[in-house]
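Several structures are given next for inspection.
The following pair of complexes shares a single chain, subunit A, combined with subunit B in the former and subunit C in the latter.
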Partner chain A sequence: MNKQASLSKMRKVEERAAYLFLSPYLIMTIVFTVGMILFALYISLHSWNLFQSPEFVGLDNYFKAFRSEDFLRGFLNITWYTLLVVFFQTFIAVFMAVVLFKPIPGKQFFRTFFYAPSVTSSVVISMIFWWMYLKTGYVNLLMSKVAGIFGGEWNAVEWLNNPTGLFQLIARAFGGDIAFAQWYLHGPSVTWMALMVQAVYTTSPTFMIMFLAALVNIPPSLYESASIDGANSWKQFWKITLPMLRPIMLLVVVLGTMGCIQMFDYVKIMTAGGPLGTTLTPVYQIYTETLGINGPIRAGYGAAMAFILAVVIFVFTYIQRKFIEEKTELY
Partner chain B sequence: MLILRYLILAAISVILFTPFILSFLGTFKTNIEIISWPPKFFPANWLWKNWLDTWTTDLGRGGTFPRWLFNTAFLAVLTGTLQVLFCAMGGYAFARLKFRGKNIIFTFMLSSMMLPGIVSLVPKYVFMAKIHLINTYWALILPGAVDAFGIFLLTQYFKSIPGELEDACKIDGASYLDIFRNVIIPLSGPALLTLFILKFQSMWNNFMEALLYLSKVSMWTLNVALMTFQQQYQTKWNLTLVGAMFNAFPVLLLFFIFSKYYMEGVSYSGLKG
Partner chain C sequence: MKKVATLIMVLMVVSAGVIFSAGEEEAVSAELTMAGAEPTSYTKFAVEVGAEIVFSGWGDATEQQIYIDGIERFSKIYPGVTVDYQPIPADFQTKLKAMMAGGTAPDVFYVDDQLMTAFGSTGQLLALDSYMEEASVTREDFIVSLLAIFTHDENTYGLPKDWGTLGLVYLPEAFEAAGIAEPTDDWTWDDLYNAAKTITEKTDYAGFGQNADWARFAPWAFSDGGSYTNADFTKATLDTPVINKAADFIMKMKNDGLLVTSADVGAGWCGEAIGKELIAMTYEGGWMVNYMRNEFPDVNWKAVQVAKSNAGNRSNVIFTNAIGVNAGTAYPKAAAAFTLFITSRENQAEVAKTGFAYPAHPDQLDLIIDPNDRAISAGGLVGKVAYWGPNTGKINDQVSKALERTYLGAMGTEDSFAEADKKVNAILAGE
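After this line comes the complex of A and B, so read on.
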């Protein structure tokens, strides 16, 4: 055997080994990623209750979704949710990371301690918050204590059963109101905002860890030369820390957006979309349609809604990426 | 300045842990005391019996807490192990071996991480129903056995291992499997443990799939059980909270033992950007 032939034989052995090593991933990704997307496309073009054979209906399911008031309501709800939760969780995560970053005795302890609530499951968090949100719960106790300090009175609220919107509350404070039929003007309901607080509570520490990891990579020399130039720590934060955190902030915002738009757990566990549909989300509707919880099984309709949602997520994250990348070039 | 920072840190700790402390204390109250106004901090009498009552709950047909705990732990350990094995294999191929299509597959893998999971929810459910995997653990294990993130993480780690040792082994005539088993795996302990812990936790906390695929009471995981438990015993908040504690304690314990690996895992996922 000449050298050339043995070399190409070695290549073949290597290639075969590589594909063998990769085979579990390749099989799974062909079935569960590629296969499922194609299957989803097929299902979304059919009317199918899973018992009879699917019936081709073209793009009907997609049109149906856009004409459905529930679906639009879900989209509006999830838009409020994403905007507010992503903003607050990013803001709080940066704040916690910056407070924790500088060397301080006990830093490791606090870092571990802060992250601990994030490892518990969404069901556990839901149970704890549900109980605290009861009319006789601790949240109302806290509010009545705060009101007491200012000499006022607090009327206990049923946090998880209050469809009043944020803008309705504001309008009422000024003596006006927003008509019941104009649901799209109500803003996020009290219940919906209660779930937002709960979401921010659990996600902020996770993102804090990401920011902490990014802060370690900022060269200390930047801060040293800044302090020689007489920049105080407030200025250093705006001129050095924040710009250097931009790439990781992009990631946190994108991951946060993807997570928020696909919100399901808290709604399923705590509100089932109520009160008055103010906590309906698209994923919850996809779930109920596919399993036929509020009527017949409509898998095709569910799949169509899922596709629309996926496109929205893609567009959103793409815009965020462009926007933040452009801003980054300024520095 | 130092005092101010400690005050902020203490305030954050209080905010983060108050809900847990309140619920822990709540597990010892009576079911009337726990929903009466105004809520008190400490229980009037410490009812340790609540813990026993919850633990010995029997919904019939094999629906008991020890069973649910076992199911959850079994699923979490198994998917964690499979992930480590399959992702390490894939990572080794990407980090060390040359083959046609490598770049295309790697790029495809990276972009698949940006794919929202919701697209495959409906087809996966229909698929599992049609091949009769509903109410089997396969429905959770199969799709969760290997994923792009794990392979990516381990590829990056394997690339950072110096190659000299492998070259020496190759000259001695070792096969790729030998090298993978005897060189790469022993040198990657921390990265493998990190991946295991991440996947263990995400399976332990998995809610949607467990809810979709497991409807038999004896097959439930703690998450599904806890939700149903609350719906059935809506007035017994004390017992529900004990259930929440049973669910949270094992992961919290694991977290405090391996916190270093948890942190690394989370900051690794930040490397994607």
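After this line comes the complex of A and C, so read on.
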């Protein structure tokens, strides 16, 4: 009995100590995360210009967001962006990791070389791409050289000022078109796709590192057994490597999705949402509305948009988690 | 344990009391002084003793030096006031709003239409009228139209520090190469069109450079009486024959290959395209003088007034920024005195000598010495101040988008501006 009482006392002391050690972080989280989220929720139900008392408007800000063509357009843009960027960045990251995991000469050099864009400031990357995407820039030069090799001609494209959508391009190739007013059918614009290429280029190497770390943990015995059973490299990749990478893939896809949905920097630096709103993103709109970049400050409206975005991120993440985790359990 | 907690609470309360009472004492003991050298033409007034004010604005090294010099001149008149100059070169408006919301904004700062929208009607700016009276400064001392942006409920919340407008900037070498006469102040749109056509056909220069930009479109749109909104900023006026006529003319130039954008020729903006000798003409402002001097000192360029419409009318757009005072400043008198000095004739005369900015006083326009600056600034006499109410930024954005749609061939001018008109009306209705 005495021993039990002393154990329980000890546990209490330990608990107290744990809370004491946790308290600095806990307090910061409560004040600056939980507190701020609750404050934002409160603000989203009000009309507030940062300087005067908030005025209660109920769910008006939320309704306003759903009625706003710009906001809906931003969501459609970001959906395209997320789908394409997450797919390509994951695919390229796996590919690079698998290639660089092989004992090839100069492995360390290539790892460092490929990783460089990930540690470069997004502003610097944006300026380099802006320069390359100019009508008189290197991308058009390269395309004209390639076209020249095949005896064709390349009409220089204004990569950062071309609102033509992917499906519009396809329709035009077959002699049709999609009306300007039907923006929701256009697909991602040329400019938006140009930014996607930039994003894939900068984020893939980070995820490549994660996949490389995961590859190290795959027991070599699995490959040895598979070899003995007669599985070729391709089969080994599909039946061993890929399934074993699934847990890290979940992480990569979830992190990639969250990062994509929160896309802001390239838009702010390179396009400001243009041309014709084809690179508008919800986070860029939250920024402009909350800080009144083009008009009156509407912090409540910005907060409402932020909450809608948070719900979308949650749903996306939940679906991905369900899907990838279920598949992972099979192994 | 409880005793310790109580002791801590008592200590906190006592120390807070000490801090607050010290602040109170300081405020009570603040004396007013008139010490220092005499001002020249505006009346110096009493300010708080030992005032320390923080002043912020945007701008590059040249602009910062101009204000460092201005502060030095102010210190000679008000030696008891310390001005701590803290420039914010990038994202000024965003930072200022965040600082204001957090209670850490500077005492005196630049105010543009965006900050006036955020601060003017929400009580964040100090009304300067009573201080102007004390300093014997009237609104009429300034180019009155510039004050429109900074006036709310008949109070003056900012005094214009300078202003700018657009001119027809051109490369004489392009005209020489094409074998045609250089532009004059009497040029009409047709003259500009014909010159652009000859230059495009006969030389490697692009005729005329203009991006899909509300400001560069303004001289075309306003010449025959067009505007972006009605006078009280309650209704869009973009779907009008005058605006469509101006847009049609621009599109005719574009479709005929006479008008290019800066991106078409590989430049970041049309001023740079002039510097790189890629285009023969464009509409740019007084900022070209220092830009060309610093970046392209060997390129010879000139400026005349923007072209008149074919009906013989001319208009322009005027940009202006002011200096305003934080309503929460601890030293309102010193801050107001500094604002009044920086925007005074005396100080602006010194700034004008640098060729950096145009003085905001109507009787000082002859201080503009650079011939290109003089040519450009003449546009100010026929210009409209770029302010269409609290939604100015959004309205400008819609005009730029309307132009963008037509430039990209997504819509015809009439449809595009009708769409912009609809959207601006929705913005003005608060949607």
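Structure notes:
Following the convention adopted for this analysis, the second predicted complex is superposed on the first by the 307 of 331 C-alpha atoms of A that agree within 3 Å, B and C clash if a C-alpha of one lies under 4 Å from a C-alpha of the other, contacts with A are read in each partner's own complex, and residues count from 1 in each chain.
One rule holds for everything that comes next: a contact is a pair of C-beta atoms (placed from the backbone, for glycine too) under 8 Å apart; a residue touches a chain by one contact, two chains touch by 3 or more.
Since the structure is predicted, the reported quantities are computational estimates derived from the model, not experimental observations.
With subunit A as the common reference, subunit B cannot sit beside subunit C without a clash. Of the two partners subunit B and subunit C, it is B that touches the larger number of subunit A residues. Touch criterion not met for A:F316: it reaches neither subunit B nor subunit C. In the superposition on chain A, contact of A:F101 is made with neither subunit B nor subunit C.
Once chain A of one complex is fitted onto chain A of the other, the partner contacts of A:T33 are limited to subunit B, with no touch recorded for subunit C. In the overlay built on the shared chain, the residue A:L50 is in contact with subunit B and with subunit C. When the two complexes are overlaid on their common chain A, residue A:G137 makes contact with subunit B and with subunit C alike. Contacts of A:F167 after superposition: neither subunit B nor subunit C is touched. Judged by the touch definition given at the top, the superposed model places A:D265 against subunit B, while subunit C stays out of reach. Comparing the two complexes, residues 50, 134-137, 291 of subunit A contact subunit B in one case and subunit C in the other. Within the complex formed with subunit C, the subunit A residues making contact are 49-52, 64, 67-68, 134-137, 158, 160-163, 180, 274-277, 291-297. Listing the residues of subunit A that touch subunit B in their complex gives 11, 14-15, 17-19, 21-22, 24-26, 28-29, 32-33, 36-37, 39-40, 43, 48, 50, 96, 99-100, 102, 104, 110-117, 119-124, 126-132, 134-138, 141, 144, 156, 201, 205-206, 209-210, 212-214, 247-248, 250-251, 254, 258, 261-262, 264-265, 268-269, 283, 286-287, 290-291, 299, 302-303, 306-307, 309-310, 313-314, 317. Against subunit A, in their complex, subunit B makes its touches with residues 2, 5-6, 8-9, 12-13, 16-17, 19-20, 22-23, 26, 34-39, 86-87, 89-90, 92-94, 97-100, 102, 105, 109, 112, 114-127, 129, 142-143, 145-146, 148, 151, 175-177, 180, 201, 204-205, 207-208, 211-212, 222-223, 226-227, 230, 237, 240-241, 243-244, 247-248, 251-252, 255-256, 259, 262-263, 266-267, 269-270, 272-273. On the subunit C side of its complex with subunit A, the touching residues are 93-94, 97-98, 100-101, 114, 117-119, 122-124, 261, 263-266, 390-394, 396-397, 401, 404-405, 408, 410-411, 427, 431.
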